[in-house]
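What follows is a set of structures to go through.
Each of the two complexes below includes chain A, the first together with chain B, the second together with chain C.
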Partner chain A sequence: MSKITLKDLSHSYLKLQSKDEDWAIRNVNIDWQDGGAYALLGPSGCGKTTLLNIISGLITPTRGKILFNDQDITSKNPVERNIAQIFQFPVIYDTMTVFENLAFPLRNRKIPDEEINKKVNEIAEMLELTPTLQNRASGLTADGKQKISLGRGLARSDVNVIMFDEPLTVIDPHLKWILRSKLKELHQRIKRTMIYVTHDQTEALTFADQVVVMHEGQIVQTGTPVELFEKPKHTFVGHFIGSPGMNILPCKINNGSVIVDDTKIENFNSKISNQNFSKIELGIRPEFISFNDDGLPVKIINVSNTGKNNIVETESKTGKIKLITKASEKIPEGSAFLNFKKEYTYVYGDNWIVE
Partner chain B sequence: MNKTVNQKAWFFVIPVFVLVAFNAIIPLMTVVNYAFQETFGNNQFMWEGTRWFKQILVSERFHAALGRQVLFTLIILAIQIPLGIFIALNMPKEGIGVPICLVLMSMPLLIPWNVVGAMWNIFALPDIGFLGHSLNAIGFDYNFTQQSGDAWFTTILMDVWHWTSLVVLLSYAGLRSIQPAYYQAAEIDGATRWAVFRHIELPKMKKVLTIAILLRFMDSFMIYTEPFVLTGGGPGNATAFLSIDLVKMALGQFDLGPAAAMSLIYFFIVLTVCWVFYNLMMRNESQS
Partner chain C sequence: MSLELKAIEKKVGEETHIYQTDLRFEKNTINVLLGSTLAGKTTLMQIMAGLDKPTSGEIWFNEKNVTGIKVQKRNVSMVYQQFINYPNFTVYENIASPLKIIGIDKSEINQRVNKVADLLKLTPMLEKKPNELSGGQQQRTALARALVKDSELILLDEPLANLDFKLREELREELPKLFKDRDCIVVYATTEPTDALLIGGYTATLLEGKVIQHGKTLDVYNKPNNLDSAKVFSDPPMNIAEINKKGEFCSLLTEEVNWKTNLNLRDGKYKVGIRPHNITTYKEGKNSIEINGKVLISELSGSESLIHFTNGDLNWVSLSEGIHQKGVGEQTKLFMNADEFLYFDNNNQLVGNV
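Let's look at the complex of A and B:
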């Protein structure tokens, strides 16, 4: 049970680093509060697993510190850190029974037998593994095996954090949902810090109270699912979360107002002063765009129906813009004007939000 | 399922049948022929029934050779399997060391049997050989051509040198196929080095080790060329393993009938042991 702090953390798998791309993790600073359910979200190769392995102690970071309850544990090994980690592929000890598998981390720590029995039975009950306790673990299905991995993590009652590294990858889709709700339920029951790594936004948003989005080795935003949706701090977050993602349009700044295609766009910031960006863009989610009599002129090029909604693809002079309308709403033909909801329209300078 | 009956399909089997006939069935049947008959040359044969088999099975000479053979194979397996696993565990897992070790390990395997025998013969000669001379120089009374203990020691050392690499390479391949997550999970679970070996590495190596034990059993049980060149079965009959004794009987004394019967018994032993061992391993596999 503890608060985990990552301080100025950077890691590179290379011996010599010359450019930004040489770093797998770049300058990460974050606090994980005790008992929180966090998701670490990002595409493959963004450094999520590296960050996780640094927290668990499987990798020593090139630079920076890891603190558990403000104590520096950067040089400690995984056993001393007392953490649990569940991997992408179920790790079970083939030669042991389910019971022995669950008892293994406890036996290694020389815990008395009665206590082990009690604990293992409790965990097995929680994960619905009781009927198979005396079976050989290698005979179980993939989700059964992953439950064992999970159980080994949960068996120790004093772990500082339980980390999941894309644990549902090899699980059948219909079981994924069950296991995911099981995890959520477990979190509420045992109130331990959990960090869940995934590249699947649905998994992240359903599991976590706080989602940490990673992109190219950096943390680009930490927030609740709603915050990430309504106010992305980085164009990557806008793009990665939501379906379809945020519309990102190149724009110009003229006397503090934002201009797209000669049309002035009202936005979240009434006045933009700083113009020292090499790239300046406007971001707006398809959900917050509507048709209007006046506004940004576009041509309608495609409409796809998703049942409840229509996704309308339009084209302005500077690029394509997608918007979502209710299926019942009439879509104008040919050309139309778009209206952006002012409070959800953001300006991004060099990909970061301008505030 | 209604299968089409088409006897013409047998024609497709003919090429394989011919091939197998020439490389296995006909030579084997010749041996069977000799095993049940007596011949004095000129293609004259007399039926002897099971006489040669009975003779071999009660012969002290055969018992002694079989005993030496079993002892030799057991020693070979007891040394090479653990040693091979131990070396594989300690081989580098990445970097320039990997190809260097692999090439070094493969080298003994690439040397022809009789060359290995000749090499070790010269290497171990007590007067001029490096090994023999050195052992004598530091005070051991070593002479593999005179003392049976030394002959055994040299033969076993030679075989260990020649074949441990096979076990190493197979074990190494087995070890490399283990996902890193297993080691990471074990580290987090607080497993000792021994527990990692016992519960992760050994079970994951089981299949390749089955193959390694089978191959090493068959090869060492049928060993001929290397001890033949090294010791010629001597001193006396000290290193006359089954195959060496068999050749002595067949080509030295020209006792073709008993030799053929002995070949068949020999063949039957190898076949039975392999079959039993393989089935035991596979039965465990299906249980788990």
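Let's look at the complex of A and C:
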């Protein structure tokens, strides 16, 4: 297992680059510690697959270096890098048994039979595949097949890193829950470095200890799920994480106070200086807004019940604001006032947090 | 306007894909078909559209028998999981295509395409080709084509499944609004319980070719008429246990967990279904019951914590608001909100939710 360092990585699919958009990824710097559980999160087109391919050695970056345990491996090919990779669609050998599928990567490495037996049984036990070991892999369900893919990734103990590329996309929701927590449980047990790539916030946040959020080829924030939720450093993180995402409202700064629709809003920063931003906004998550006797005046537009909560859509003069309330809580009719929790209300200048 | 399936059955060889089904959808409603892969959602939709014939039974539209009438002769639109557009046509031409086929004049086509493009935020992309668009925009184009026709029946087969999480969220919110002022019946198939809840309207739960329950979405969610319906409509999965009822007390079979109930039921064995958000690390509701758990794993989503735990033979999930980190193997106390319990008898039928 290895510590992974990405140093000043940039990659472009074009021969010549003149502007930021010409780069698929820009100035990526990451330190991933040995044995950690990490996620790369972002929408399609954000550069996460490019980054994954650079780590696995399928792409040589235009600029920058990749280090495993402080050794530069940028010029090494995928085989030399010794990585296990699990893809969106299960990759299995249909004609082989489940046992042989799991044993395959070990047989390739000429590991003695006895050790293979032990290892395969151990993995099968963890993934609850033991009863099917002697069955043909072709007869398995989609999630059963994906479990084999996972198992094969986990079978070898000599890999530097295990990478998962959207591994649960083809799995039904109720099985997703089971496989996801299984994966997390496995990580806790075997403590290998794992990198999980996804566009699904729930998968990223629940799996990883540290999440890297990517947007238009750049890292916009790296942090624990709690940090990303409670204090987004960039409006994109606020928007992308959380469901619904953060409310972003245009605001004005007047003598250090934040004003939305002529209403002064108390926020995380007690005094904000008038800096030279071309755009200044206020960010507040739906979870941190409540109805109040005074505050920001809004009209109630729509209420949707999610079973345990209500998502209430309101409209202020500046734009729509959503809040989440308990399903049991009464919702005012017509117009109402909103109160923002001060410690979770942030100001963003040109999309970055003003601290 | 109404769509009615009367004793529909679909067999392929010896295999039954749809067991005898009766369903009736009313004018201006959105109807969700909720069930996992292979539950029969797509088969039902193809029968509704006229793309497939039932083995037996009849389909009635607007009180007329339309069984056997081909899809071309019906006023139906369908949108699939895969984004299907004409690759050589511009977005404008794609949206206009169903109107051209039925010979509507140019100025009206222009007006209708612009209106629906505006609704689906496609106006800036009208001159582009589908492959220049993002997945979300491609699916919007397919939706626009379905809407421009003024079909009486619009069938959406997992339209958001291939989209990124955030695009799915955005489009899911817009969908009910798109259909609000239209004279049509919308049928929406999905595997995701959250989709059903947020789309609202009516929901039919499906399992292995059978419609289990059909009613207003929130009613089906709050009062599943049996255990299967409850399971299909629960994400994360519902926690289930056998219980013993004696007098005014219920207890879990596995451990000394007891609670008082005013259920009017004979003494004996029952099952209880508890949604994960009704087991929390803090007390909630008036009837809070303590349960000990051994933590398997805890997952934090930033605003919520999922704690997977065991208690005897039970392997359950709890969902709490806020951050509650628990170590693997840790013994912890959790609280169940008994006001939200669902009780089922030995035939898995709902007998109470008090």
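Quick note on the criterion: the second predicted complex is superposed on the first by the 291 of 355 C-alpha atoms of A that agree within 3 Å, B and C clash if a C-alpha of one lies under 4 Å from a C-alpha of the other, contacts with A are read in each partner's own complex, and residues count from 1 in each chain.
Keep in mind that, in the parts below, a residue touches a chain if its C-beta (ideal position, glycine included) is under 8 Å from a C-beta of that chain, and two chains touch if they have at least 3 such contacts.
As the structure is a prediction and not an experimental result, all values here were calculated from the model.
Applying the stated contact rule after C-alpha superposition, one finds that A:Val79 touches chain B and leaves chain C untouched.
When the shared chain is aligned, chain B comes close enough to touch A:Phe87, but chain C does not. Legend: residue contacts after superposition of the two complexes on their common chain; A:Ile301 is shown touching neither chain B nor chain C. Contacts of A:Lys184 after superposition on the shared chain: chain C is touched, whereas chain B is not. Residue contacts after overlaying the shared chain place A:Ser56 against chain B, while chain C stays out of touching range. For chain A, the partner that touches more of its residues is C, with chain B and chain C as the two candidates. In the overlay built on the shared chain, the residue A:Leu228 is in contact with chain C alone; chain B does not reach it.
By the touch criterion stated above, A:Asp172 is placed in contact with chain C alone, chain B being left untouched. Touching chain A in their complex are the following residues of chain C: 36-37, 134-135, 164-167, 169, 191-194, 197-198, 200, 218, 221, 231, 234-237, 275, 277, 296-297, 299-303, 306, 308, 317, 323, 328.
By the touch criterion stated above, chain A contacts chain B in their complex at residues 53, 56, 58, 77-79, 83-85, 87-89, 91, 93-96, 104-105, 108-109, 136, 138-139, 149, 152.
By the touch criterion stated above, chain B contacts chain A in their complex at residues 179, 181-182, 184-185, 187-192, 195, 198-200, 202-204, 287-288.
Within the complex formed with chain C, the residues of chain A that make contact are 43-45, 142, 172-174, 177-178, 180-181, 184-185, 188, 199-202, 205-207, 224-226, 228-230, 239-245, 285, 287, 304-308, 311.
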